[in-house]
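Sharing a structure here in structure tokens format.
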């Protein structure tokens, strides 16, 4: 064993090691911090995560390479998604510091698990080995099941946890079966070696493997037809968790999906471009149509997240050229801010008013003008109106579609954007147009305020002056290919 | 000849209890049927000269996971002895899906020319596995511990009462 | 300078956001100040504008260089009148909205945001920027209709939003098609006009054309995409209607002239007859339906459909003549007429909606045409201005509308003779409609219900009189405006060749 | 007749389909989990068989199988904890009775 | 037959023979022992009281917690086996790797300990 | 037909070992248990059938064979019957990997499986399933409760057990049982006392700790006092086999005793050098001889002679005397192997069995919470730390 190279490689996983330390520290801290002051645990986690951003972001411009015997990639793509994962976690923890303490006595574990999940997401984004990929996907799934079912006193949370688990475990099993076929076709688990050897693999088996693997990835990103869990889980899970799942898991899922599809699978052998395009169209359309009649905000956001997964898949299908992969990244980042923001508003309303029904948002514009304004911005951003972050993402993926000659997909995309306006505007309508049931102003806890501020600013700044982020995404889109 | 016989027997030992697992109306019997299935799979591993995996299969699957499943059955509905309907309305659908999938899989598997290589497995595969874990797959090895940790913490949190 | 004009209102809006909700006078003052400043600056710009000088007041800055997106502004003879018109109508609307009480702060903010968006659309020379401004106009309008609108405001608001969003997203696709076919990829509208990236790709060109068409046609609105318009106009608050009819509709026609015509001349030429037929249908349909209305606001709304039909007829004619040298003069004439009609319609319809608002908002609270009668004697001032506006609208010589329609017909006759003849008959319906309306409201027996109706107050006069004066001035002496427009249109037609 | 790779794959495929059938048709959450375990075992048979026949030089397949066994254990631990929690508050573990939320 | 297979062949034979030999006395009993079908005899034993209710409806999550901790640590142990065999060839670094591995799990143990998952109350 | 020969060999060995288990482990085990308990409790134990009651268990077996099998109402008959078989067969399978001794160059072991100790741990873990199955299928509250408790306990102690096994495997660097013994032969001493160079005798504390961990866990694993809570007669009416009668009951007993002997055998192999002879200098043997003599003399000459307890101790002292004398002369004569290895193995194993039984009748039963605390909070951390410390010493410090 080459010890020197291993020691050098250790620096490349410094953020992961640091996060591991933060997670362990959080967990241990929870053991000594008395009940009632668990928010301190959350703050420790936040500080640790913020510090983790430093080594992570310093890696963006590193020369792409694989480390640790080829199992782990250090490329801009992975680093970008790691940053998304960390930022998401920070914001989610901040948003949860107010409400979780009142809902469960396992608050400390909640933060620790979130930190660990962030670690899992980072691993997922950078795995270049099938085994590590399987492990990290399942890792994230496991923590997600727990987080979804975290509020044990709440039957809905129970239901969310158990449904998520059953769907997820089945999807994982199918995916592992697919992985085993890939291994069988190539005799290796390293993605880059797989890429080389797959060029000679028999096609029907390859199709089978791809289909089976897509089940797993599709589950993570809630792609049709593996989306059924999404609404129930988002509705039942604690709202910060729903926010986390809709952003963090999705981002990492896309990371894994892009890596596996783009790096290893030559589209000339398996026409996955068409497959993904069709699934993308299906996700967008179905998600949107089912979102239309929703009255529960979390459910609505769940269906809308299915539809956004469809949009993101446009970027995957149109991976060729300068727009596809950066498009996915830009979209993900923009979507992260916006979706998190929307969920944070839902968190606040849920904890202050005790309801997640959209009609109960009536008159929010009078009771909490800033909150309502932010929510309106988030809703418009989710629709894809400029100058907001998701608009930029949509712009990018649509551009990618056209660049790749997938005009029909772009058309489906815009039709769906229009449909989505209807239900997003429903929230705005409730907040601004419908009369308020009460005029009492809402309290806004500090943690949530910070989180909301960051997401709101992120949404707008990315829309108005996206150049730095685009540069970042472009350099990050240098997905390591051998 | 002997190999074929052994293989056939092990396959049957694997598959027949597996049928019981998925069809039995008695949940405890289904759970207990997992044991011969797992042991049959163990036998297959042995035939494939993966004795370390075989040992782990018995230790974890038969000795730990089955026990865990049995515990939960005992502590929930199985313990009451009440016979509830175990199958849902999707039986025909599920059967069709399973049969169709089996057909597809078998057709594809038999027609695929797998890239078989002639080499031999490392004679003492515990050592090989150990070397793999501690060098090539060191990251996987370490991540596994974190996965175990989060499972432990998560499951404890979920299983404990809220009050 | 251009940036200042565009963003001053937004700055005002943001200041308003951070101003206390209770201090209404201050809020109004800021709003008025911002829009007034913008208007004054636009006048100043007009004074500096060199006729025939192509694009002026250019501003070019890097925005998202990695995508070739620039902050690129400029005005020419086409956009200048529209910018001034926008600034003017916005100013007047703010003045008119003085008595708004419900959620004043939000109202003013949205209004100013809207103004920025509209000004931006007319000044943007980068497609990305253009698109963003285009979309920015949607949101405030949605809120204006949705919050301050009439009884069916929610329905109207969302309908407006959905329709126009369909259009704008179609435009986004078209823009992207253009972008990817340009070498190098660019969003610069001027470069795209020069490059004609789709000239050799008829299928893509057709796709892009229809993409743009959908967007612009919905905005215009052309028949059969007009159904959002009556709802939106009727339900919107008065100032909203004014802006909607006066400016937002012009964005559609502006798009046709600015984008479709020069960038996709071939495609437009091929499909021009179809567009012309649709325009014609709009003319006739608009007039006929307007005639059947009893709701005054709806009537004005449908008359907009009718008038925008004229504009589109002019544009379509010009398009059909693209590349045919002998028809260039006719084309230029038609285009001049179309653009003039855009301005004229902005002024006239704006005025008409204000007029309806005067009656409805603070006095009668009804818009039923049949409920009035014989107001002429009671409200002389009001009646006078209404008469001017309506007559201008129906194209009475000497007023603004006539000049515009005249040019359009002259121009398009050389290109679509038969269609033009039918269109001219549309004028008759228009005239009939307005005359009948005048008769029903101002003439005839007096309805005693309105005995206590006061005439216009100062604020309303301030809003309306300038518009009426404009109608008369440009009706009698259209030359300055025409010169500005003509220079641009001639260049355009030349460029198309 | 030689016992080759395909034989193992077929056994694994049948096991996989049986597991899938269980997942699709069972009502009891624990029984569904058992179906999932069968599917995971099928994947493991594949992996070990491929390791033996396709790439015997390294033990990647065996390592993968070990990792999957580990994950199966973790899944069981977490999943069954969720089942217990659900049983406590919903008093059933029949998944078709766990339906507080409907679209 | 390779040695490994032969080893396990013996195991299989042992299992089969063992089963047969375990069943044999049962068969003998079935042949030899008297049978009298008295209904009282098959009543389950409940310290002489007539049993009531089904076997066990009591619910105690403790059992599950122990089983759960067991599963996790059992899995941990399977990673120790290969390590134990090779760590001396790989040297210090392998030891450090295992140290990290166990450290993480010790935190888990500390957690379970401190949170009372290991208490039987 | 080589495989046929192997088959016959395998069947033969299986029959032999099963018989050995049934006779030695179960029958003799039960007899010893009763005798030893009698001795410890100052009574006589079985006495009437055969010399010193040696045939008591045989008689019991014959009795059990004639007993009617009662299957409780509402019980799941199939599982009810299968459960004891699982337990018994699992115990039998343990013995595949246990080397009894050495004959020339041949190790007396059924098969030297290369993952031997792992195999052993795996088989031990299967027993739990049988116990839960038995407890559940009886449809009896006590049986189910007993089964669950028993299972809880067994799984709790499986980890320390595995840690003990791992310790030995780590020191020896192999999982093969024969390999572990060979490693002890190579370094010339038992793992309990000495670790491979460069540690040598400094490894004593580690070895003692590891063997104690293992033995404690093994005791609990086979549900013996002080860990016999699951079958506490007074509270749980014999635990999971409350409803079992006749031979089915005997099968459980067989499994339990087989398992106990298996544990003792594995402990012998891992910590006490397996079949190897203790390699002491002749004068050491002489010292042992003297010690035995002193013990015997003290007993015979003082008032202790009168007590009932004394005879077994006297017997043991006599045995020790004989043994050490033989060893003394043997080693003096320069023999490398004085007594047959099989004998050494059995001696060590029975010594451990005796130790286990001694524990059973000396210590009171633990409460469930104490029992679990001991496993999770003492043995597990201790075992892990011991493992790590030994590993550290072996690699890092040793270099």
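Labels A, B, C, D, E and F are assigned to the chains in the order they are written; within every chain, residues are numbered from 1.
Just so it is clear, a contact is a pair of C-beta atoms (placed from the backbone, for glycine too) under 8 Å apart; a residue touches a chain by one contact, two chains touch by 3 or more.
Because the structure is a prediction, the values reported are computed rather than measured.
Asker: Where the contacts of chain C and chain F overlap, which chains show up?
Answerer: none
Asker: What is the graph distance from chain A to chain F, where chains are linked when they touch?
Answerer: The distance in steps between these two chains is 2.
Asker: Just grab the chain with the largest centre-to-centre distance to chain B, centres being mean Cα coordinates.
Answerer: C
Asker: Report the chain closest to the protein's overall CA mean, measuring from each chain's own CA mean.
Answerer: Minimum centroid-to-centroid distance belongs to A.
Asker: Measuring between mean CA coordinates, which chain is farthest from chain E?
Answerer: Chain centre farthest from chain E's centre: C.
Asker: By the contact definition above, name the pair with the higher C-beta contact count: B-D or D-E.
Answerer: B-D
Asker: Report the inter-chain centroid distance for chain C and chain D in whole angstrom, where each centroid is the mean of the CA atoms.
Answerer: Centre separation, chain C to chain D: 64 Å.
Asker: Let me have the rounded angstrom distance from the C-alpha centre of chain C over to the C-alpha centre of chain E, please.
Answerer: Result: the chain centres lie 81 Å from each other.
Asker: Distance between chain A and chain B based on Cα centroids, please, to the nearest Å.
Answerer: A distance of 31 Å separates the two centres.
Asker: So what's the Cα centroid distance for chain A and chain E, whole Å?
Answerer: Distance between chain centres, rounded to whole Å: 39 Å.
Asker: Considering chain F alone, which of its residues make contact with at least two other chains?
Answerer: 3, 74, 113-115, 118-119, 125, 136, 139, 144, 148, 151, 155, 158, 175, in rising order.
Asker: What residues in chain D touch two or more of the other chains?
Answerer: 9, 16, 19-20, 23, 33, 44, 49-50, 54-55, 60, 63, 66-67, 69-71, 73-74, 76-78, 80-85, 88 - these are the residues of chain D that touch more than one other chain.
Asker: Going by the touch rule set out above, which residues of chain B reach two or more other chains?
Answerer: As it turns out, chain B has residues touching two or more other chains at 2, 47, 49, 51-52, 56, 59-60, 63-65, 67-68, 71-72, 74-75, 78-79, 81, 105, 109, 114-115, 117, 126, 129, 133, 135, 137-138, 140, 144, 146-149, 151-156, 158-161.
Asker: Go ahead and list every pair of chains that touch.
Answerer: Touching chain pairs, listed by label, are A-B, A-C, A-D, A-E, B-D, B-E, B-F, D-E, E-F.
Asker: Which positions of chain B touch chain F when the two form their complex?
Answerer: Counting only chain B, the residues touching chain F are 2, 26, 28-29, 32, 35, 51-52, 55-56, 58-59, 62-64, 66-67, 70-71, 74, 78-79, 81, 124, 126.
Asker: What part of chain E is in contact with chain F in the complex they form?
Answerer: Spelled out, the residues of chain E in touch with chain F are 1, 4, 6-11, 13-15, 17-19, 21-23, 25-26, 28-30, 32-36, 41-47, 51, 54-56, 63, 66-67, 69-70, 73-74, 77, 80-81, 83-85, 87-88, 91-92, 94-95, 98-99, 102, 106, 109, 112-113, 118-121.
Asker: Which part of chain B faces chain D closely enough to touch in the complex?
Answerer: 3-4, 7, 11, 14-15, 18-19, 21-22, 27, 30-31, 34, 37-38, 41, 44-45, 47-50, 52-53, 56-57, 60-61, 64-65, 68-69, 71-73, 75-78, 84-88, 90-91, 93-95, 97-99, 101-102, 105-106, 109-110, 114-122, 125, 128-129, 132-133, 137, 140, 144, 147-148, 151-152, 154-156, 158-159, 161
Asker: Please name which positions on chain A make contact with chain B in the complex.
Answerer: Chain A residues touching chain B: 1, 6, 13, 20, 23, 27, 68-69, 71-72, 104-106, 109, 112-113, 116-117, 119-120, 123, 129, 131-132, 135-136, 138-139, 142-143, 145-146, 149-153, 161, 184-187, 197, 200-202, 204-205, 208.
Asker: Which stretch or stretches of chain D touch chain A in the complex?
Answerer: Within the complex, chain D touches chain A at residues 9, 16, 19-20, 23, 29, 32-33, 36, 39-40, 42-44, 46-47, 49-50, 54-55, 60-61, 63-64, 67-68, 71, 74-75, 78-79, 81-83, 85-86, 88-90, 95, 98-101, 103.
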